[in-house]
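What follows is one structure encoded as structure tokens, with my remarks underneath.
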Amino acid sequence: MYCFNNDYSEGAHPRIMEAMIEASLDQHAGYSMDTHTEHAKELIKEEIRRDDVDIHIIVGGTQTNMITISAALRPHQAVIAAETGHINVHETGSIESTGHKVLTQPAPDGKLTPELIQKTLDWHTDEHMVQPKMVYISNTTEIGTQYTLAELEALSRYCRQHDLYLFLDGARLGVALTSSINDLSLADIARLTDVFYIGGTKNGALFGEALVITHPDLKPDFRFMIKQKGAMLAKGFLLGIQFEELFQNHLFYEMASHANEMAMILKKAFVECGFAFFSDSATNQQFPILPNDLIEKLRENYQFQNQQAVDADHTAVRFVTSWATKEEAVRQFVEDLKKLV
Amino acid sequence: MYCFNNDYSEGAHPRIMEAMIEASLDQHAGYSMDTHTEHAKELIKEEIRRDDVDIHIIVGGTQTNMITISAALRPHQAVIAAETGHINVHETGSIESTGHKVLTQPAPDGKLTPELIQKTLDWHTDEHMVQPKMVYISNTTEIGTQYTLAELEALSRYCRQHDLYLFLDGARLGVALTSSINDLSLADIARLTDVFYIGGTKNGALFGEALVITHPDLKPDFRFMIKQKGAMLAKGFLLGIQFEELFQNHLFYEMASHANEMAMILKKAFVECGFAFFSDSATNQQFPILPNDLIEKLRENYQFQNQQAVDADHTAVRFVTSWATKEEAVRQFVEDLKKLV
Amino acid sequence: MYCFNNDYSEGAHPRIMEAMIEASLDQHAGYSMDTHTEHAKELIKEEIRRDDVDIHIIVGGTQTNMITISAALRPHQAVIAAETGHINVHETGSIESTGHKVLTQPAPDGKLTPELIQKTLDWHTDEHMVQPKMVYISNTTEIGTQYTLAELEALSRYCRQHDLYLFLDGARLGVALTSSINDLSLADIARLTDVFYIGGTKNGALFGEALVITHPDLKPDFRFMIKQKGAMLAKGFLLGIQFEELFQNHLFYEMASHANEMAMILKKAFVECGFAFFSDSATNQQFPILPNDLIEKLRENYQFQNQQAVDADHTAVRFVTSWATKEEAVRQFVEDLKKLV
Amino acid sequence: MYCFNNDYSEGAHPRIMEAMIEASLDQHAGYSMDTHTEHAKELIKEEIRRDDVDIHIIVGGTQTNMITISAALRPHQAVIAAETGHINVHETGSIESTGHKVLTQPAPDGKLTPELIQKTLDWHTDEHMVQPKMVYISNTTEIGTQYTLAELEALSRYCRQHDLYLFLDGARLGVALTSSINDLSLADIARLTDVFYIGGTKNGALFGEALVITHPDLKPDFRFMIKQKGAMLAKGFLLGIQFEELFQNHLFYEMASHANEMAMILKKAFVECGFAFFSDSATNQQFPILPNDLIEKLRENYQFQNQQAVDADHTAVRFVTSWATKEEAVRQFVEDLKKLV
């Protein structure tokens, strides 16, 4: 049984595990005030070619979203997201638990646009309604799609014109930046957003999301917010060590590229078999629409999740690859698939 | 420079690190639904000799306090803590951020008693005030003291009579259970409290607190609360693996015992030098009251924190030992201390 | 200039004002513990023919929604509402400010059905999403429509089967119960919902909504919640006095009937002029779709609000009548309208 | 039976009731956008001789405290109050329900000083603790004491030096400003605080607290906050009408003076009988310490509350007078008292 359920089934890349072992018996300062974290931040600053940013490495993604959004908004302010956005659907009301409404717009390809945001602004006109103040996007999105430079520039321009913070959830930023259709760099993202994060959990770290704050209004007292939300790791040096490895010797990009390559092998096979897709993804999540009886047979040897029923006989399913996906397992899957169709 | 600042300066015990490496390339179910976590829970259930409990392993202590308290209370209800309680002082208002007041009583030795709790109940009589509903204690306390079986039985009886949940923060439960004056077992704690946790972070794990819920009212939907507060670790198997090691071959007790032994060497030295203590601790935190000039000299080679000024010339300071504290460093410290006094 | 903007432009019915004056110099117990409030509750209990309910009279509607919903839900639970529901749109995120998500379904006529609720339940299946626990409906709805006995029975049955609380916002319950198409009584509503309220503000009181709790789980400690949310009026006897008047001599029904009669005169006129309606309302809110140039001319002498643009040349507008609407003003409006079309 | 329980037993002054009746059948704009409210704000601005302030009239005191504090603070920030402060004790955790900790200092006479506040600042030094950002005081205090101009100037200077907002709860500001020992004006209070309110509920209005915001940072979007907390009264003109009456013809001061005069008759009698006092109050709350058997006899004809047991045989009790207290009732009480001692 091989598992294509997600990109967090395995632990961490061996280089990361070795670095952790090596530093395990040293004495470190607590709460991310250690030298490894300091170094990791320097590496990230070099990568985005900016020194005027605040960086905080936080254990998980939902946590990072909750802290960032609740730190940015006053009580009556709301965040705008695509209807499929992670904060709207899969975080158990975490944002609302901090007091804020998530305003949504249907976005068929998972991406927000100025036009969609404008629809929300249009009817939020007075104090009887919440006040939209932040836009939340993900790259890649929940359905594997990604923003182009032109799209992100348009969003950025719009948000600055309308006094909205732009926040990019980069839990899967690695696979976005290394896909064949990408034209964005980390430096572009730092320039065009007000705050974003670089995901480690889904790209070969045990855990860890590196939040980069570029907008000066969002910086003050951020460590208070991390602590209050229970997210200040006592042994914060673990986060630093992992991001040192990710941003030394290009490991971050190397692992994401591998995940994408494995996904492209799957994609090619599904295309060759004539299957359509739920979304057009160039990254590590693939959503082929398969006949239900084929799905049943594939599940004898492979794990993968249902995305959504398409009709009585077909279901969109999700295959996820990662830094750790074994090429032989993928090749075997393709062979098995072709036998079955 | 040797650091006695805290018990979370180092990583994890080598047996734990090895187990993590070994499992790192396996595929695991996400979100703590994996077999390692299942096994760790079984080991803990055996340890407390109870099968009718719910166990959740959570990354950090503040997080665990926040989730447990906010899951247990209705909006108008409050938790009672000693004035020195961690939730009252050192969690950046985490409990209040979930909407609940922390009611406090001064407790000179860091421990709550039925008498102290009764004082709070006495003046919370109607709907113009919050309603006390939970009692929060720590074992060991913030100042290294610990509850006896008789004390915990008295608290438990009182809380049940007064319809109060009893919650024990066991971030430092290891050193409490292995101190020379302890007469409590994990089974006693499970029997006498409604919910408690077994700390890993401060006892040789990279992170992780195992929350044990015994009261049936506190069990339903707990995983929703974990997720909402951003505390559901994607690679939850990391928590399971660590607690497997802690509760196999007595590693949990072995490490705590070592921490206590190292602390007793320090304590003996301070006593021999004639110093008084801020609190009477048989565990890994020692709070000698030292002359300020001695403190200054000791700081040339050792790190430790100030607890509180006692008079113009003396300060209570805090020395913390851990599973990783090196005996030669402690012996060297004692030698240096005796030279200086 | 006559105002059809809303049903809270005027103060209170003269009988209510007189009763308030009369009692103004008496000494009353504070915080709704007075004899007038006691009497008002008795009158309401007689009206719903139930004695096993808790009643709390609260100043405003948003307040009542916020208190009731936040008192009923655990932190991870959510309330389901029509997309047009007042709590979703016009309360500035009040529900979210207490930590809860509002889950919505588009409901073209403003009414929820078991089928619509089922859609929400269908995809809220695990702890990564909020847990739906309450259904919020309004009678009349935001667009003047109303539930029939059969519809409310179906909703009630469904909610009980699915362990969902059913909460009816009755800010405009008076006009619903007195409309020509109504087949519900207050007793039916008490029988079929778990909690509901009887609106005073929009039916001839200065302010006040009488919340009736029938479900035993929703009763405990409710006064704590009222106080915490800043809603416990010091001179609570003012609420009692007003509801005494409303439920003596049928004043509540009498005023609502008047509002509906005035609305029917308007409706008839719009129909006679050949205009369509945005919703099919038998109550005090009428939403004719008018040509924009007619709207402009009518606004020279009348105030009324825009509801929604329908096409480039037509807009749905809202006319609201009340207990205080003067028949001569309505007749004059009809005359003016007919002259203009 | 005459009631000295509080200053909100009666309705409103006849001039206020008449004004409300007179305007009751007029059509008014909703939500405090009406002309009466506009006029009331103008009158208050004249009174404080400032035009650069924002004024919002809100129904109740707990509500006003909750809105003002939660609008001013970021999530990790806290408000400092005297241990006896209303927000700490008698508001059912309302401030905490919005996410903020109330930091307290014991203040024997109910008043905060720079020295007391400094104690709190001294140990709130890093992100592991909440960040004090606002100081909450009441004038008069909970125990009838009041601030002098010198005291308020010292507090104001200190707060500005330490970047703390100063918020004055004026639920009983009328009796403070009219007491024999007062040297403060409304203009002084506007100059020395960042936000304060003028209480109507406890000074002859049916309800209503006029919040005056002087600090520019506290002004933006305040109406959103009022609405979100359920405090935007539909018939807001009721608040405007009442404050028009309060600040026309000095009714506000006239009523407060009467309350104080009645209290001074009581005070004189207690002094003449040789009783000590729990606090030294020149205002409408008097706290004599009486023998328990005398208390029992007085309660045959008079209502008043216990404040606190002083010893086995004596209790401090609270007598409250108001604008409506009848001089003959007070004279009768004095006569009865003197007979009994």
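Letters A, B, C and D mark the chains as written, and numbering starts fresh at 1 in each.
Going forward, a residue touches a chain if its C-beta (ideal position, glycine included) is under 8 Å from a C-beta of that chain, and two chains touch if they have at least 3 such contacts.
Keep in mind that what you see is a predicted model, and the values were worked out from it rather than measured.
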- Which chain maximises the distance between its CA centroid and that of subunit B? C
- Select, from B-C and C-D, the pair of chains that is joined by more C-beta pairs in contact. C-D
- So what's the Cα centroid distance for subunit B and subunit D, whole Å? 43
- Message: Averaging over Cα atoms per chain, report the distance between subunit C and subunit D in Å.
- Response: 34
- Distance from subunit C to subunit B - Cα centre to Cα centre, in angstrom: 51
- Among the residues of subunit D, which ones contact at least 2 other chains? 75-76, 91-93, 97-99, 127-128, 130, 224, 227-228, 232
- In the complex of these two chains, what residues of subunit B are touching subunit A? 2-3, 5-6, 8-12, 14, 17, 20-21, 23-30, 59-67, 91-94, 97-98, 201-202, 206-207, 224, 227-235, 237-238, 324
- Note on the structure: Given the complex, residues on subunit D that touch subunit B span 75-76, 78, 89-93, 96-102, 127-130
- Per the touch rule, the subunit B residues reaching subunit C in their complex are 70-71, 74-76, 98-99, 127-128, 130-131, 221, 223-228, 232
